[in-house]
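Pasting the structures here.
Here come two complexes built around chain A, the first alongside chain B, the second alongside chain C.
What follows is the complex of A and B.
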């Protein structure tokens, strides 16, 4: 029943800038099952964001395989990758990255439109999501009128729009205070259909690890399990 | 489609200010070109066409030392040959079956006591085939006997440009006009263009002449607005009397309505060839010669539009590069949501299409309204309205090319995501 949503095996990734090569990922192994919440820790510059980017197919890997919902993304065409991103992956950014020219509701509707949902359908789904994230009173507001916590909840609503199998969150609470960080993380791990959705979340905040089902740490380009944080 | 609409909305909300220069330039371009086209069209409709149609079918016979030529100068187009007098009847055998309108045109230093930059005195013998003048007020009292003419108060017709007419010429107004004397040269150098000594040729002696007080009985409109001149038209015999021209004239107009313009040209050429010293020229050729600049402008309007389109597209490219650079992070964000590059390009193209369309319409509204009020039709002749809308596909192609280059690709997208 607990199928594998993400499987990274022996993944290598390096960046070449002029003469010097930075080897960031050196044989990363990670498997995430349906419904799991995995926290990714590690020192700054260790390559945590890179892990998320390679999973989302935003940058190709040098070696190894990454399977998202059973599809090997290194073998995907750009078009197939976009489809996986649309249907299987929800991305949450640290700095929210919402479209400034659209209202909260419209921002959530964009991913629904990308999969060809009708306006009415998209609207009701988005409204439900916003209600669930307690943003129903901000539906027609533009991002510039929202607070940090509201923006991040909006980002989450957008990531959830297409009910992705996996949510990739890159320090989603990095810009928020402790209380909000706890609130948002709690919200993420207690989503209604949480049993279907896996989360891979990068964080620096040790306290948030209490909400994870599992913690991994990126050290020296390899992932190590952190037993201590299992709650 | 919903997605594209949403994307366009998003872009316009954030970037509408960046498009302001593009919008303004587009409106200006269309406005300037269409306004020029309207004024040209109005000129052609209200001025050139009526004269051309009124003089169509007419051949002018002239006696001249050399073939008549027209040159364009600062003062407009002027005939570059010297008028010479000839006896009426000398050319009668050209076409006995036609009524011939004889004219005595005195080109020289005329004086007139109502202000006029240029003045021309003409004697006209009216026939049933004389081209109709565009008489605005009054009636040309054609009296051939001097005494009767004197008794009637010396009526003349005045042909003037619109600006003159507006400046207060009225029926019944009297003014003095200086009529030079026509003298036989007797071998003296002539003042009117013939540089060599010639005998037996009449010339206009501007030193001797007389002031004649006349009354305006008819006012006609001269459609060649360019040369702000005034023409005083006398009955032919009266002017012959006053100027000592006796029975002589220097122009004869032969109406041959039944001939086509091509046949007319052939006829003119054959007359020129077969009568020594006589030249025949189509009246319409003189008119089109005089409005040559406008005809040229008309011809170049199309290429003008192209040049302007090119400038417009340069502006569009600059603005698009800035706008797309500015939107890079939004676009990468959208791509991380799974929006395809094609959809992004489509949204840019539609956006540009909409902006171009609106600006073209905005630029056209005023000239079209003006044209419609004046002539009862939308823009006409040289540039059709459709050609302005050709700017749209052009702009779309430009924007597609620019966005193809500027939109983030798989390689660039990560950099954009990181650089923020």
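What follows is the complex of A and C.
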């Protein structure tokens, strides 16, 4: 039986900008089980990235509850939230956000050091991840020497470093061409089979929804299930 | 994490070399002018012979605080040069942190703590300070004996050199620890 990795209940979030209040999330409800790949769609500015930020505890919510691996993060202190992010959540960014002064291998090792792993253990784990993502021949190269697809695969490897329960991917194919976007997405959605990691992927690319097990759409601050993920 | 912070800093060796040189030169200026001031005040008018006038140098020259207004002014000005060099170091580090803001924000998101983040500019600062100290030591103890006539000085007070090195080391550590916070304030 697959356990619930993420549960968002009646989540509200608004932002105040120069005396105007913009309600971005209005009663969002979402449940993701272990091993599921869920794509979150919506028009630009609809609040898709805000959903990821509140799940990661980077932005507090106004109302509702968010449970990550059974822990209500709304009641967590900053230190507890930091620990949850380190151990249970992986991130993939649209613009990769890799450290340019580190090699590919060292970039993957960074999250492992945050949980106190020793150098040898971190190095071994990172090498295995790079091998899994077919980047082992590039492990000593710097990000500036890698192509767009390789950079994003490196971002995926970094996100997997601490064996997270869920990966939050914010438009991971946004900076890639269509062919690469499909390749990266296929690689991402194959991860649950290999690592039992769930994926919540934000995208505006309708063509990629065919790879998801479930699609939801953010419309007027509410999440609505899409009947079909086929484009 | 400190290993990675050290590697990132080391790979930016050109920046470290530049700032280290600036720090070493400004520190050496301070040492030079202080030493010159003491050497001049140490000259004692000696008894003159019928044909020659000789000057005796007081061989014992301990570190002393500035006595006259001129000495105080020179001390303050040379110290100011060192402070400006340290501000230059701070500005380079802060600009570097601002340029790499997105990368460092990503580190915070994936679980790096504030202490982890402080390691990055701190490593830069420590390497800069170590390099500056090595250059100062090489110059004053390795090169000075060969150019003492050019600089019109015979030796340098070891205590003064040590004080200057320790001062710039402590200042560099403080700069390294605070650079992240300054960058955050400026970028907001």
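In this text, the second predicted complex is superposed on the first by the 225 of 231 C-alpha atoms of A that agree within 3 Å, B and C clash if a C-alpha of one lies under 4 Å from a C-alpha of the other, contacts with A are read in each partner's own complex, and residues count from 1 in each chain.
Methods note: a residue touches a chain if its C-beta (ideal position, glycine included) is under 8 Å from a C-beta of that chain, and two chains touch if they have at least 3 such contacts.
In this text the structure is predicted, and so the values were computed from the model without any measurement.
**Student:** With the two complexes overlaid on their shared chain, look at chain A and say whether chain B and chain C clash or fit.
**Tutor:** Chain B/chain C on chain A - steric clash.
**Student:** If you count the residues of chain A that each partner touches, which comes out higher, chain B or chain C?
**Tutor:** Counting contacted residues of chain A, the larger count belongs to B.
**Student:** Quick check for you: in the superposed arrangement, does A:110 touch first (chain B), second (chain C), both or neither?
**Tutor:** Both partners, chain B and chain C.
**Student:** Examine A:59 and indicate which partner it touches, taking first as chain B and second as chain C; both and neither are also allowed.
**Tutor:** first
**Student:** What is the contact status of A:119 with respect to chain B (first) and chain C (second): first, second, both, or neither?
**Tutor:** In the superposed model, A:119 contacts both chain B and chain C.
**Student:** Could you say whether A:137 touches chain B, chain C, both of them, or neither, answering first, second, both or neither?
**Tutor:** Neither partner.
**Student:** Let me test your reading of the model: by the given contact rule, A:95 touches which partner, first (chain B), second (chain C), both or neither?
**Tutor:** So A:95 meets both chain B and chain C here.
**Student:** Once both complexes are aligned on A, which of 165-173, 219-227 or 255-263 in chain B overlaps with chain C?
**Tutor:** Clashing stretch of chain B against chain C: 219-227.
**Student:** Could you pull out which residues of chain A sit against chain B in one structure and against chain C in the other?
**Tutor:** 56, 58, 82, 85-86, 91, 93, 95, 97, 99-102, 106, 109-111, 113-115, 119, 158
**Student:** Under the stated contact criterion, what part of chain A meets chain C in this complex?
**Tutor:** So the residues of chain A in touch with chain C come to 56, 58, 82, 85-86, 90-91, 93, 95, 97-102, 106, 109-111, 113-115, 119, 158-159, 162.
**Student:** For chain B, which residues count as touching chain A in their complex?
**Tutor:** Interface residues on the chain B side: 2-3, 6-7, 9-15, 329-330, 333-340, 343, 410, 413-414, 417-418, 420.
**Student:** Tell me, which parts of chain A touch chain B in their complex?
**Tutor:** 49, 53, 56, 58-60, 78-79, 82-87, 91, 93, 95, 97, 99-102, 106, 109-111, 113-115, 118-119, 122, 142, 158
**Student:** Quick one: which bits of chain C touch chain A in the complex? Just the residue numbers, please.
**Tutor:** Going by the criterion above, the answer is residues 1, 3-4, 7-8, 11-12, 100, 102-103, 105-107, 109-113, 116.
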